[in-house]
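Below is one structure, written out as structure tokens; comments come after it.
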């Protein structure tokens, strides 16, 4: 099409303030993140310090006093006598940390590979996309399971516990880079064919400089969308891995680990062990997803 | 054309080889099968003997080469846990998973497309808002939780549907199907729903955004300007174009449906490949794990190939021009 | 068909969302009135964003999602159509008013053969059997000068060259024999040689069928070659209208004058081109008074305050406080 | 039909190919051994009606066989089948051969009498025969099933997929890991003797505990063998469902690597804190077994002070006394051992083997934290856990031990004896006491029961004094069933449906 | 094929060009991307975008290149700018191969068709116009402002993003960027075809002024004959990658020798209504497939004779230029 450069753009879509759903989810997300950051201050107990646990508090219902110890728990206590509220706060911390780091890792990997593939093309592109194919053949949870297994096998036994979280990040991060790479590759190919890139080449810019300074900033908006949705997904994947028994260690539970523990008490009447962490996970993932949705709509000119 | 098809298949074969090798070497870290194969009353000598019997004392590439050599002859080795040829086990388990995957895939596709179209053309409606939010709930909850929740509501509280297994099955040739019996169909509902829900919401959201995009295209405007009825514009012109990119995603999703079956099958005790794989991991049953991964990769590669061909069928722009116009 | 104009627009205004505060709307087409008679080609010229396409879409009520008809009347063949329900309007589209778009590739469904697209359009408007519709489709292709039309029915749009696609677009617009054809920049995407053919085709069809044509373009040359009458749009306002030769030879509005002078001539007039300083303001940012005044060398205080009156000018009308004055010098200030 | 579910499936139908609980449980419905255990662990006649050491030779056991028994295909049962089956169970590929290691010969001394010759007198031989099933020799020969299925080589033999025993139920169909259907054997010899009210059995393995319980609650199955402890109340409260409990012949305990010069997983250099008996004692009394019973096990355990269940010969109430929890004293012991600031260590724990195994470990983490021991918990599937113990690459681990022979010697051989080629294969404590080893080895050929029991008691004294292991509890077994099913739980976790009544 | 000895009958004398192209050809691999590859015929013939072009542009002149869409104008421009490598033939700009880093060193700059696409939307205008300087070292203070003033923009605009400008203003920014490199050669690839006439006049005037003041050499590409007529000193006509005619602007427009050139000129709509005749053979459709042999234009040529279909005409010297036609 030969559309002559039309003056100015049409409306830039709704701003955050005009969409109550997005605003609400931002509020929820901010609240959860703050709660996670402030967990050590907010939590009545330190659920990661086993010395403070009293097993006899196990299964205390919400807002009731334990008949043996007399302790009161807002959201009840779990099978180990751990305060569910505190566990959720700390679990949130781990879930968010794992999710964000995994997404950061995936984004870094995917964006770099996608940028190289899209800008350089040729065999770099071919190789990267074949690697992506291989990666896709192993769906995310399988990759994560394999990496988890390998990492457990090769990390020195003494460091396993500290490693668990990092391994989890690695596993989820490594299994999630493909969407980033694909989108960035596509966008980079489009951008690389744009005239401003040619102009930069004529200005004497080197390849890396063009990739980093010109193309990268222009491919970041879809990355942002994928990253938000990826964050929600990473948090859920972490929970699923925990369900399959290869998540965060039970002594330092993430939301997923809490849910895994809790789901065995679904039929036995101790609903709070499952319900509160699950509700928190739902709220977190929902908020992130809603925000991602809003971002996508906002960044997509078609939907304006 | 034939040459390209062959090249493509060879490429896929290479992918499979790499996948196989990666998988094969990774399994060595999961654990030592010998430990689980011998009972508590075994001796060091027993262990050494078994290790030699199984060829586990050789270097990994040698083991892999041996494995491949046998695999091409249809011999995928023998399960350490069940002591039966892996090929037989796969053949037995595959129908359950494939039926489950097919039904949930169909559910995801039909439901996803229908809801996607609905939410796209009723943009801004209340029902759309509710559906969009619900769809987010669907992707925000882990599958296993949805499965357990469904069991709790529909099996335990309401007692409408069975909570586990495949129900009665019928043997047709080498294929066991649960689709022909009432109890088999009933048993399929909850697992298929659990497995398909996530994919359905993904497809729905994709269809919606594609529809919205296509609806803004010029050819839709032109179709309206020619006075075509609205349903024809929406369903013939817009939907058809919107579905083209959906094919790729749906193909990828079908691959991940099979992988996600691991979780669903665990929850519903669905006697398929995923359950077999989880058991194999617990038992470090390397031949089963390797075969499963190869099978998944093979399916995936096949699906990809199929999607590519489907594209050619659907999108004439990708076909090599038969007759380039000219004068 | 009645004797009056085929299309008559009376003070048609189209509003679009403004740029500033929420809910504010701006007029992208501002009280435009034109008529087109049967067998006549009305050329509409103007810069990008002048409101040409919105005006055209307003005829059949196919405005883009966030634009809306905010005033005026649309009469087609003596009947008022602007307040008709969607279902009635749909019967108008294609049957009474045919439309041709600028981008011939984008306007065709890439996944359907052109034969299928023609057949479905014919089937909607004419009571024909399948095979008869197909037959008619081939005829429609032949009419727009596509050789071996029956063989082309199975082609997909991407298999055709740009010129052929635009012919297919025209065939689609004409297959139900409409009384009015709206052609929105039908040749902008085409090469000059192809453009000449398409324009010749349009002229022939207009003459043969007695069809009214609204030809939209930003190319003065195309108008000069094709149109009977011209309407010049600036910032949503009709600034000048009249018989094409009169307007081009003796433009009355300073904008028309500037436009004509700014076109480089192929027969060589070396030296500097005349230029109109500045750029056309977007809807919502249009100045008070005559919208052209910031770019006009003749502008006085009056132009800045009061909207320009419509006055009779060489064979037509112009909206200007100081019509038909020659400009001081056609170079930059 | 009776629909029966449990976590795992039988691995093969070949009765001698796999020495494993679920495999035997299914086999017990189809096949029969010479004798079986009753609910209290005593021996009960099955295909043998009585047995005794030969009066002439203490190295020979004489078994008199039941008459009038037929196999499910109609063939008659006699001594030749017993000799064939026991020989088969002793053969190289058999997984049961260790149980018959002391047997040197077998002879049929009449159509219904068999003599088993052992290498020297073996008083506990009958106890080893409770899971050695009798097959029909002719059936096996006719179907090429003389050899035991070579399960590790992946062989699938006729006997692995077909079954022909003397038992109360015969095989109708089997889909491994999915479904096994049995129906009553019309020619069963026990007709009239046993209830035999269950006519058909459908067996389904269901791994996921929640799904298993759900299946019971919805009435999709009638009987599940392992009810998760947290769901006991729910099952008990459900109208029409009942719990069947029994103490199980399985003890759960922690192992401590006291033998290594230094530990890999601790934070003290050059010293093994576990080598100090005071540390081990401190850990022992830091554990609150009652709390574990009450909260983690919901009452479904029997805290214990010894790593032998009460069924075992050699167990005494004295040994069993549960050490009182005393954090103060434990801290003092730690201080005296030079670890007043505690130390850090990793605990290896299975998460899919014992009842609430991971939760027990977690609870222990909390309790040990009270005396300054910072425990990092590494929970994993049993397939990855057990190799650590077998290879001795763990410092602190959870283990459960069942005693199929009901005799302490079995425990000593595997858990106490120094690690060598023959014995001590599950002793990952690094404990090695040559004196004690000699005493353990001597048990095998001690024919004087009193002397033998005395030796066992002596060994237990040493074991307890060393605090080699930290015993936690004996598991309690829970079956969930419809109230209609009359079937008591037994310590072997082995439902025998021929006893079951339906009303 | 025989390439006739080129005779450059320009005032600057033969073979003294800032830009010199000798037998430049460029192919593209036309096999479809993506899944279509599977079904593509094994080796589709390579698409020849530019075929055997030889020309020379003397320093300080404007060389206009016209041709229909797809005739290879942009490809030729990119080849000269060193953004593409020729498949065969030689390109020299100021005696050097413009490939790679050389282009910047020689001082080659380009102005593109779509001004919006040629400005990085996430860079501020000040950074955009000084990029060629920044790529080499430090940017002197006030450079951006000076450049903006030079192209008639407000120096205060340097902090804004390109989005805030109209198409004509964006094109001015692009011109400012080209100027900051102190270019010797500016390649203008349809710099005004995305602009309205009134704005086009502004931009064309600006380019003319700068060229005159700075003595720039220019390769000016356009499909609009009137624009070329207005801007160029010498004009080359490209048809399907081949140079079919070349002459001084006045000569070419006054007396076109090649039938294709004549057809183009006839087809141009004129304000006086005297143009717009597509000089094609009756019933013929343009966009012909490339002629396998002979003259590339013969399928569309009104005056073609048998020889045109079999023998490819060489580009030979004709009055004040060169033409590739048997009949010219």
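Letters A, B, C, D and E name the chains as they come in the text, with residue numbers starting at 1 for each one.
By definition in this document, contacts are C-beta pairs under 8 Å (C-beta built on N, C-alpha and C of every residue); 3 or more make two chains touch, one makes a residue touch a chain.
Note that this is a predicted model, so its numbers are computed, not measured.
The minimum number of touch steps separating subunit C from subunit D is 2. When the partners of subunit B are compared with those of subunit E, the chains appearing in both lists are A, C. Remark: among chain pairs C-E and A-E, C-E carries the greater number of C-beta contacts.
The geometric centre of subunit A is 23 Å away from that of subunit B, both derived from CA atoms. For this pair, subunit A with subunit D, the centres built from the Cα atoms lie 44 Å apart.
Centroids of subunit B and subunit C (each the mean of its C-alpha atoms) stand 53 Å apart. Separating the CA-averaged centres of subunit D and subunit E is a span of 88 Å. Among all residues of subunit E, those that touch two or more other chains are 166-167, 196, 285-287.
Those residues of subunit D in touch with two or more other chains are numbered 210, 214, 217, 352, 381, 384. Annotation for subunit A: residues 2-8, 152, 263, 266-267 touch two or more other chains. Across the complex, subunit B meets subunit A through its residues 11, 15, 18-19, 22-23, 26-30, 129, 132-133, 136-137, 139-145, 148, 152, 156, 209, 212-213, 216, 252, 255-256, 258-260, 262-263, 266, 278, 281, 293, 296-297, 300-301, 304.
Those residues of subunit C lying in contact with subunit E across their complex are 47-48, 145-147, 161-164, 191-197, 199-200, 218-222, 224-226, 245, 248, 258-260, 262-268, 270, 272-277, 279-280, 332. Against subunit C, the residues of subunit B that register as touching in their complex are 217-219, 221-230, 232, 236-237, 240-241, 244, 314-317, 321-327. Residues of subunit A touching subunit E in their complex: 2-9, 194-196, 198-205, 209, 214, 217-218.
In the complex of the two chains, the subunit B residues touching subunit D come out as 30-32, 35-37, 39-45, 50, 53-54, 77-85, 88, 92, 148, 151-152, 155-156, 159, 162-166, 266-269, 271, 275-276, 278-279, 281-284.
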